[in-house]
Amino acid sequence: MERIRKKAVKTWEYLNESSFEVRMDDFKDVCRHLYEDLHAILRVMFACDEREKDGLFRIYTVFDLPGHDRFFIIVLPVRESDHRFPSLTQTIPAAHWYEREISDLFGLSPQGHPDGRRLVFHEAFPANSHPLRKDWSMSETDKQEWGGGTTIKVPHPFMEVSGEGIVEIPVGPVHAGIIEPGHFRFSAIGETIFYLEPRLFYTHKGTEKHFETLAFPDGVKLAERVSGTSSFAHGVAYCMAVERMLGIAITEKASAVRTLVLELERIYNHIGDIGNMCAGTALNLGYMKGAAIKERLMQLNEILTGSRYLRGLNVVGGVTKDVFKQADDILKTLDVTTRGYKVLMELLLGSVSHIERLENTGKLSKDIARKLGVTGVAGRASGLSDDLRKSHPHLLYDRLIFEAHTHEKGDVLARMMIRAEETECSLSIIQALLESGYKGDLTVPLKTAPPFASALGYVEAPRGSLFYWVMAGKNGKPLRVKLRSPSYCNWPAVPFAVHGNIVPDFPLCNKSFNLSYSGTDM
Amino acid sequence: MIKEILKNVFLKKQAIQFPEGFNISPEQTVKIVDFQKKVDTIFHRSLRIRQVDAGSCNACEWECTALMNPIYDIQRFGIDFVASPRHADMLLVTGPVSRQMELALKRTALATPEPRLIVACGDCAKDGGIYKGSYAVTNGVANVIPVDAVIPGCPPTPTAIILALAELIDKVAR
Amino acid sequence: MNIDPFIVEVFQVAVLLIVAPLFTGWIKMLKCWFQGRTSPSLFQPWRDILKLFTKDVTLAENASWIFRFTPYLVFGVSVIAGGIIPVLSMDLPLSATADVIALVALFSIARFFTALAGMDIGTAFGGMGASREMTIASLAEPAMLMAVFAVSLVGKSTSLSQMAIVISQGHSLLRPSLAFALLAFILITLAETGRIPVDNPATHLELTMIHEAMILEYSGRHLALIEWASMMKLFLFAVLGIASFFPWGIPRNGELFAVAVALPVLLFKLAGIGVVLVLIETGLAKMRIFRITEFLGSAFLFATIGMLSYFMLE
Amino acid sequence: MLLSPISIISSSFAVLLLVLALTPFLRLNQRLLINVGFFLATIASFFAAVAGFWSLADGMTTQIILPIGLPDLPFHLRIDLLSGYFLAVVGLLAFFVSIYSIGYVKGFLGQRSVTHLLVFYVLFLAGMLLVVLADDALFFLIAWEMMAASSYFLVLYEDERVENRRAAFLYLVVAHVGAIAILLSFGVLAGLTTGFSGFQNYTFDAMRAAHLPPELATLAFLLAFVGFSAKAGVIPLHIWLPEAHPVAPSNVSALMSGVMLKTAIYGIVRIVFDLIHTFPWWWGAMVLVFGLVSAVMGVLYALMQHDLKRLLAYHSVENIGIILIGIGLAMIFTSFNMSLLAALALIAGLYHTLNHAMFKGLLFMGAGSVLHATHERNMEDMGGLIRFMPWTAVFFLIGCISISALPPFNGFVSEWLTYQAFLLSPALPSPLLNLMIPLGAALLALTSALAAACFVKAFGVTFLGHHRGHHGGRIHEAKWSMRLGMLLAALACFGLGIFPTYMIRWMDPLAEKMVGGKIAASASGLGWMWLTPIAAERASYSAPLAFIGILAVVIATYLLLHARPGAIHRAPLWDCGFEKVTSRMQYTATSFAMPLRRIFGFLFSIKEHVRQFPPAPHPAFPDRLHYHLRVRDRFWTWMYQPVIDVSFWLSRRIGRMQQGRIQIYLIYSFVTILVLLIFT
């Protein structure tokens, strides 16, 4: 710690964020120290175009020390003239995607990155065009050609496994099932997968740039539409970031509502996922059972919030509705759900043929998981005890008694069991929440954002740790909104879980991770 | 296992009655673009849908999946989702059509044998929805391929989708 | 009064063409019920087929004549096979066209061409499906032959109508050889007709497909023919099982009343078979593709035990 | 009578001699040489076929004694039913192949002289004809050697490649091991009975007459079986076959695989049923077992190949196995005096002999055309050829269907007959056989199913999909004569598949002669359309009906569906919306066979690994991955490697004995003399 303070040019603290601005040549060393000596987790890494402030780009690297409720943010100023910065990837593999993304969106190139290809943009996107720079614009013809997709402006070579008889199985972006678009390139001999290279960002909608066009209070709507099944979590994380930045504290009531609904979201996701895994093994009985239970919960969502995806409940500064008024609805549904869920689990664990498919399929080793900064269900199934509700108690989680579950095996079965255990845990949490009453209004009045104020917002979403980072501009409008969904740091891990498995098991592995494409592609 | 099956067989079905069970708000009623030319082709309440996600947030997908659960149970209407556009009569397109999906969407439409219907599902698919104006989206399916019908809603509830499709089929069958 | 066998033949083929989709429809209905859902109509498969016939065909640019010829061949094979198996009467003009072995060979030529059609377009999925299909087929074949052998020991023949006649005389299910052969036959049927736990006919996951993967490229009338043919294949395996294990109720000759009775009896048997099939399909998850060896290995074992028990006990 | 099988066959030899005589003069004009030479070869083999069919038709036996040969053993020739049948087989395929060769051999023009190709081709042909005509041991062996030597030189034709020389040598060694075994077997048959008095015992007549004590008969049979197995490529003596066949010019491989192997079958049948004619059942059982092993292992090894001609070569092993299954069953049935079933099994075996000659010849000709067009034997570099060479594709497909034993083509008929023979085995009095033989039937089923899988792979990877190689544009359809050759062979496959009853009626006397049973009457009990080997209610198969029926339905549906004016639109293939598909994105042969390779892996020695280059700093970012697979014939490591090692070891030892000092040698000789003295 001292070492960092010594190296830091500038240091400032805000809430539970300690920021250290470092020089270009200290950057790598500081980060290595945090990662290797202090075993910090790289949470998120992003750039921000602050040229209107002091003519500099800044790269923010957010670390999280296990055991402290505190984020260490290493800030690296980069001059526009020499748009280069030292790459962390060789030491911290988790930085792999972040750095490529920065070079795509800001044109700041990581020096010594093992993979020089673009991440976000596909072949048809013009070279040296970086949308998140403030002075960026794009000609109509470029847009047309980008959409046309046929003109190759920057080639994107997939890795070719050499040797005779290798077949490349291209899947997607349009899949046979009802799932999101993404391209997967298997290099296989018959059924055995030797190498899998996913190609994502088909659903890249320029969300982060779009945030900058909306006022902070309106941003919630967009945040809720980043990833469908974790709409509420995204809403909460965004609001939390903005509230922390504005320096306002929401009432106990509001946080109680948010906590409750977060858990509801977790439950319907987990049960849905458990059911969907049955689709992967063609155990239709379980699939339909899971779907039915999920549907009940969705209907509960609609009763509570008017939206099956819990949208419109969050606003910056609080919530719009006091769901505790409908406690009996909730209890009724949960009661039914719990019974159904118990039956479902009995059914699944009782079905030998189903469990046989899940066991030892898609193993993700703890080592890889840690190196790639895997989070959420996948991480916990591989033995990483990483749960923001524990490590950074937000909302009312510090008052609640629950434990974070981990499994060691890291296979599909482990991921299912994690979901099962967390479902039960969430059910008990909701019971606990409903027992006591909470005071305070639904919302608190907003303030105007001080220029260039920034803050983190974070939530343990159903899929794992979710981060937002907002910075206000001069005019109180957003200067930068960075979002990092849990799927973003889990996607790079999927291939490692798949290698050596057989091709027909891939859908099952994929379902067991159940990552969001839209949340990753932004 | 057997117990479950027996329960399933003999207990009352969970599926909601059609159309009584469908409480549906006015703004979710279906606006159907004219497609009389296809009237005499798709018939007999057999409709095979190929769902294409063109950059949606995945909520619409989950609603489409929900169509197949025991409550909405779309297969009873002779509607089914298929794996290949070659087998499909209808493309159900969701999302604002991100630029990086434009080509894929066009090719999917190309791969679908005539006569076919193309339905834009959800507010994003209608006109870009919340994403309207972002540099990376084309503001709606209609800007990429000709659209036959639009289902509004963010996301449109399963009931809304079913009503829309039912109306479609009736129109087409007539 | 007796009907001319040719008329019975024609009638039987007509029954095959009409009832096969209904049988599939029935299975779908049962599946839905077993999953606690309300089901589509019994006639849904028919609607799908008719619909497909009216649709255009979208053909891949590089599709060769094999791709276009296959649907017709597969369809033709199924129809002829339907003329051979005794369904409504044991004396059919076509019944001498092929015995069980030749019948199986007829199915395998259909499979041969389907696999080729899968590889014709040159997509990874087609090849994948073809490879899996042929693998499973080559493991199913020996088991099938052993089952045939065991039954033919009892039936003193491999000609279907003859076997049916002989077996329908004895109250044969008491015979252990037949019982084992039946077990084997059920497993083989699951594999040959691509049902769970071997293949999932209703899957949406292209990477797990077997039969579906080969026909991903088909559309319009070609698809209609192939789907119809695969419905018929399921039907034919059912009636094959009926003819060789439960032939009671199939009239010896085209006696009018008997034939008239034979139809409802057949439907009744089919309904029963549907229930068994769907019970298996609902209760089991799809197995890993390499588990197929153990699956069909046990089928082979059952058949062999059947044969041995014939020599030992009968 | 002037015109007789004898006169025809001798005229055929005259034509062959004429070719040899003409060669020196035409040597300078190679193109003309090819035209004339192979045209004459065509005529000669046509004569041979006619002679064969005729002698089989009128069923008489004629012998002639040539004025040449050893002092009291002049060359005996004889045309009887058996040699007639094999004359027909050899002649018929040689006829097709010679036509094919006219076009095929032109491919070598400008590369190398075809003179000795032609010469050895003719000698090879003559050798095969003489083998089936010979009627005494000496002449048989001479013809046998002539056949072996000439084929050796043909394998060596493109001798600049190391693999060819190695293959040819291996072939030569195995062939001679076989020849020696056969020689010894004749020695036992003729010599031991008569104490080596005089040469006249070496005529086959004498051997027929001689009554061997059983143990000597067994010895003779085992020797002969080893010898002929070596030639036929029965596992484990098959090792030379997949080496030699691929490297020979394709027309030669067609002959070698199509008919040369069959001379071994001829030999076995001749010796077992004709010369020895009484034997215990376990001989048959042994033949059956070797047949089954060859069939299953042959097809499994074939599945692992992605060299088109190697694949076909391994399928020869498989089919020889199937033939032996038939013959083995025939032997078992004969030893139990069940002549009817024996006839059925024998006819199944011999029928498959003819069928295999036809479709394997066809397939090798097809492979030749592909080779001719793409200069490529590795399937992984082919694909999409159906668009460049549609005719070859059709013929090759017909070959594939036939060899995969699918109706209505010929392969199925003979395998079906074999199944029937199997299914009738419960009639055998021995319970052991009753239990064991059905398993054989299952193995046969496995074989044919695997064969189907293998040829889906062969045809699919070679002719379908996109072209994987680089010379897409330069690929051309085969020359007309090649196509004609293949067309005739294809027609033969079809005819033999559709009209089996005629074939059987025509083979019946042969079966009666060999095993004393006839099935023609029962086989066409319902009329020529239905093949009913034993009885109509036992089993029946009607290729014509099935064929016409299916055809009718196909045509009917086609017309019905095309009543509505065509609504077929061409569109790009469905690529999941990912536009940039390459030819790497289609299943390869190695991938296609992977599931079976994994399931039957224990039968091969497989080396498979993926290497990462260079070992990347972190698993997340590999630089380059390389996949390597080697599948090898276990028999090589099991049987041949040790033999080679031992021989080297011995030679080293013997080498050590040679000191080069005269005293040592004197001592050696002294010791030798001592030893001899002691023993006498």
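Letters A, B, C and D mark the chains in the order given here, with residues in each chain numbered from 1 onward.
Definition applied: a contact is a pair of C-beta atoms (placed from the backbone, for glycine too) under 8 Å apart; a residue touches a chain by one contact, two chains touch by 3 or more.
Because the structure is predicted, anything quoted here is derived from the model rather than measured.
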{"item": "Chain pair with the higher count of C-beta pairs in contact (A-D, C-D)", "value": "C-D"}
{"item": "Rounded Å distance between chain C and chain D, as computed from the means of their C-alpha atoms", "value": "36"}
{"item": "Chain centre separation in whole Å, for chain D relative to chain A (CA means)", "value": "64"}
{"item": "Centroid spacing, where centroids are CA-atom means, of chain A and chain C in whole angstrom", "value": "48"}
{"item": "Distance from chain B to chain A - Cα centre to Cα centre, in angstrom", "value": "28"}
{"item": "Of all residues in chain A, the ones touching two or more other chains", "value": "149-150, 167-171, 173-178, 181, 190-191, 285, 288-289, 292, 351"}
{"item": "Junction residues of chain D - those touching two or more other chains", "value": "567, 569, 571-572, 574-579, 581, 585-587, 591-595, 598"}
{"item": "Shared-contact residues (touching 2 or more other chains) in chain C", "value": "34-37, 55-58, 124, 127-128, 131, 203-204, 206, 209, 216-217, 220, 282-283, 289-290"}
{"item": "Contact graph of the chains (line, ring, star, complete, other)", "value": "complete"}
{"item": "Residue numbers on chain D that touch chain C, as the complex places them", "value": "383-384, 386-387, 397, 401, 404-407, 412, 416, 419-420, 423, 426, 431, 434-435, 438-439, 441-446, 448-450, 452-453, 456-457, 459-461, 464-466, 526, 530, 532, 536-542, 545-546, 549-554, 557-558, 561, 567-576, 581, 583, 585-587, 591-596, 598-599"}
{"item": "Complex interface listing, chain C residues touching chain A", "value": "31, 34-37, 124-125, 127-128, 131, 196-197, 200, 203-209, 281-290"}
{"item": "Residue ranges of chain C in contact with chain D within the complex", "value": "53, 55-62, 64, 66, 72-73, 75-77, 79-80, 83, 94, 96-99, 101-102, 105-106, 108-109, 111-112, 115-116, 119-124, 126-128, 130-132, 134-135, 137-146, 149, 152-153, 156-159, 162, 206, 216-217, 220-221, 225, 289-290, 293, 300, 304, 307-308, 311"}
{"item": "Sites on chain D touched by chain A in the complex", "value": "306, 380, 575-579, 581-582, 584-595, 597-598, 610, 616-622, 624-629"}
{"item": "Complex contact set, residues of chain A against chain D", "value": "89-90, 93, 96, 114-115, 149-150, 159-175, 181, 183, 187-192, 194-195, 368, 371-372, 492, 496"}
